[in-house]
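Look at the two complexes coming up: chain A is in both, with chain B in one and chain C in the other.
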Partner chain A sequence: MNPAAPRKGFVSKPKALNCPNCGSAIELRALGAAAGVICSYCSSTIDATNPQLQIIGTWKAAMTIEPAIPLGSRGKLKGVLWEAIGFQQRGIEVEGTNYFWREYVLWNPYQGFRYLSEYDNHWNFVTPLQVLPAPSMSGLVYANESYRSFQTARAYTWFVIGEFPWMVQVGEAVDTADYVKPPKMLSSETTENEVAWSQGEYIPGTEIWQAFQLKTPCPPPIGVYSNQPSPYVGRVRSSWLFYGAMCALLLCLMVLFATLAPNKMVLDKNYVVNPATTVEKSFVSDLFTLDGRNDNVEVRITADISNQWVYFSMALINEETGQAYDFGREVSFYSGSDSDGSWTEGGKTDDVLLPNIPGGKYYLRIEPETDPARAGGLKPRIPFRVRIVRGRPFYFRYFLGMFLLLIPPIWTSIRAGSFESKRWSESDPSGASSSNASSEDDE
Partner chain B sequence: MSTRNDICSNCGAEIRFRWSGAVQTTCEYCKSILVRNDINLALVGKAADLPIDISPIQIGTEGIFNDKPFQVIGRIVYRYDLGTWNEWHLYFSDGSNGWLSDAQSEYAVSFANSFTDAPPAEADLHRGLTMAQHSVPLYLTVITDAMYETTEGELPFTSYDKEMCRFADFRTNDGRFGTVDYSETPPLLFLGQFVAFDSLKLKNLKEFEGWPNA
Partner chain C sequence: MSKFYMAYSMLVAGGLAVSSLTGWSPFKPYEKVDGVPKSVRNNPGAYRSHYAGHARYFGGK
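Coming up: the complex of A and B.
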């Protein structure tokens, strides 16, 4: 069959036509499907639904923009081959500043029209909706998902080229409203006669570059876009879950080692300090055995004192090697009463944990010292008790670990929060109040 | 269904009715609009050339809606201020008929229905108006003034004397839709739902040069 001959059920490639205004060649890609085509030379909007290609109007575009996706190029997105056939730049004015974004019309002769929108290199694949989203307290509900009101604005078309399913013109204005549930968003465009809904889905620019095989480098997105999925979504939860699991593990280890710890009393003895004497009075304890290899030793001193202090210079001495571990501890306890009531300061007991003491036979050398001036007649003798425990279970390092492990989840939570606040900083606070979708009431 | 054959009273070509309920058809060869009076065909006018049209659907396209097979046997092309759209006349295997609306590749299947509530008066139409029919809450989203651009194939009513029609299109929160056609008195109600192109499993579609068949 001669391919040039028209045959039933077959649609040939559209022929090149000439702009009725300036005579430039126009390639109609979606002839008949597109309603309006815009001459790229003279910006005339031409009625493409009419074989006579009538000019709808000629508007002077305020700017000229080269589309990143050349019109006529094809790419496969969401499993369907699309051809870019139209492009427009739209803008909204907020507090005297114009914000521009770009929209591409995608067309497939069977599937119809889709759109790509781009703002600051953030891309959305947009599908027209036939279903009306239902209004809710905070925005909209569509397909059982809640969308939060984000922004309302009046959008103007600043530049347009190619084919559109409607007679788009430079200067065309619509009222837009956006609702987000990352990575999706719902948008409405309202004109006098019609409200059109669409759903956008955030799509990385690199995916578009790959689909349309664009040669230019794909520019990275700037800032946070309204429906950009947060990179922290899920990570906040998983970091806290990880934290919880680590805490549980630490607690298990803590209980395990506490159970396994010897925790054995090796010395429990009462002594007396005589503060009246000024003579140095050092003495040594009985010998005791520290079992095992390296482990901790806790020395606890309880002195029966009141309004005084006792300082103990001590040394834990290995009888066999002569190795000495010197340390000093002070026990002080004061109490009284004033206008605020009774008070106490210090305590009668002091604990010290000596780490890494090898096993062997040891004795403790003790040299108590107290305030002789205060001793006069107050309390001539101070009884005190020394207890030594080998292999105390320890807890502090586990709690320190739990505390340090808090840093990553807190950091992630802060980052996630700051991402969301960047997103919502672009929203307009009045947006929430003007969210009426299908329930727009009769005046 | 029993197909009956007739002869075009203009050019003598064979006219084949696929659907016994058809009231009107268009001669494939000379585009004459033929209206069936009793058993004879009366020539009432000539269909306009089809507009530039690349709908993938054509007379003879077959598909499935709600598990019921259908065949496309006719269409009306409406023109409104932003272009044209197609209402494809469907003949279902169980003998019923319906419409497949194809407006810039947004597809919807609908059926003529009765009003359970009085339709809004034509003068009162405005966007945002709500009504309920058959317990379905419907929101008016667009009012369209359209005219018959042309017709093709078999239709359940005659089109040749119709001029401007006003349509009120209603949508819902769940993908259904309704249209009130004010071209007749009392107005006509069509209720249906939007459909995804792929869900209709259409066969015998048009081919597009340079495009792989969907």
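Coming up: the complex of A and C.
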């Protein structure tokens, strides 16, 4: 029979039996397939393979749990109609704390047994393996996929009802080992007599609720589960690739606008500051024309100074509109030597980029000031040069843009790393160390 | 990669293109003053820049 072929829903009806211990009615849904049946009234484990329904054992329930999926309810998962026939709660103890998860036995007469496991509202659809996985350096290889070792533990059955393909009892202990490759995981359960392997695949709780038409609200998952697929899978890689493409685009824009920029010298004049003068120090430059649309204007001042400062209070004034752009620049240069050696401070040139200046006829009003104490020195007059360039290529904004574009991929990488850290924080130390070697995101 | 990142990237690239075309910048090192009299051209002392007389640093060791 082809297990992949679509099937219609099965119509088998449960067989009614009476518990040989308490006499209460038991429904046997997987007759001929189930090995053990647990009476939900007296908690006796009954050998379902024995026509005499022999009691294997009776236990006292340490807890009573109502399965989220009622036994007997049917739901279509992976294209197959399944009936929930068994339920158990298992637990492990880690550093004095018990951690519980729940397992449901699903049955289909054509497909056999499958399982649903649930921990903190994270669900897995579990299929028994027919082929053993092969060991590898970091864990296992199965169906050409590598699984990393995640956790080993000794698990105990705390509560059980319904039918099982083995003689399950409360207190049953198995050694479990989990290997993950989200959204899949491989698990082994080892007892004295056998090792059973299964493959789990992460499935959203909402899918379970929809499949079994459960009336209760679907509780949201808590935390990050071992094989929970990361929502960041592929996003980190693609965001960094996109960032690279955007950087290339910005570089192209930078080259394009640098080529198109007028970068035109509109004024280049030499002037002199005379600190000794007692008359009005301010003066204006010749008229010059700033062409075209709004663009930047660079004003560069070079002063022949040494151990001195000159402050320039300036205004770029539109002769036609009377609009002024006031700004101030200082040129200062100091040098000398001391016990540390020679030193310099400042520079003889200063420039400023005035952005968004409309076209028109302009002149520059310059009002220089300097240290009056130097007026009587050997070189009281200070020559300086003013150069004005229209439409200077301005590269800084592109690097600022690259920095701004860097924020989302960094944020995504941090979130993805945090998700993986949460996942591996629950693993054995050996599993945690192997997680650092690779990123889930890039798979 | 999210739609947000694509939209954000387009916004940044578009902003850069517009600022390159217009010379616009969020950083303005000047003070804009309207209505400067035409007489300033012949009499520079008739107008004082906003930055005139600011305190200055006396550098050097």
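Everything below uses one rule, namely that the second predicted complex is superposed on the first by the 406 of 443 C-alpha atoms of A that agree within 3 Å, B and C clash if a C-alpha of one lies under 4 Å from a C-alpha of the other, contacts with A are read in each partner's own complex, and residues count from 1 in each chain.
Methods note: contacts are C-beta pairs under 8 Å (C-beta built on N, C-alpha and C of every residue); 3 or more make two chains touch, one makes a residue touch a chain.
Keep in mind it's a predicted model, so treat the numbers as computed, not measured.
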| item | value |
| --- | --- |
| Chain A residues touched by each partner, larger count belonging to chain B or chain C | C |
| First, second, both or neither for A:24, with chain B first and chain C second | neither |
| Contacts of A:356 with chain B and chain C, given as first, second, both or neither | second |
| First (chain B), second (chain C), both or neither touched by A:64 | neither |
| Touched partner set for A:242, first chain B, second chain C, both or neither | second |
| Which of chain B and chain C A:394 touches, first, second, both or neither | second |
| Shared contact residues on chain A - chain B and chain C | none |
| Touching residues on chain C, where the partner in the complex is chain A | 1-2, 4-6, 8-9, 12-13, 15-17, 19-25, 27-38, 40-41, 44-45, 47-54, 56-61 |
| Chain A - residues contacting chain C, complex | 235, 238-239, 241-242, 246, 249-250, 253, 257, 280, 282-284, 293-296, 307, 309, 311, 313-317, 319, 322-328, 330, 332, 334, 336, 338, 343, 345-346, 352-357, 363, 365, 367, 369, 371, 391, 394, 397-398, 401, 404-405, 408-409, 412 |
| Chain B residues within the chain A interface of the complex | 51-56, 58, 79, 82-84, 104-106, 108, 126-130, 139, 141-143, 171-175, 177, 194, 197, 204-214 |
| Interfacial residue positions of chain A with respect to chain B in the complex | 3, 8-13, 30-33, 35, 47-51, 80-81, 108-113, 128, 130-134, 165-167, 192-195, 438-442 |
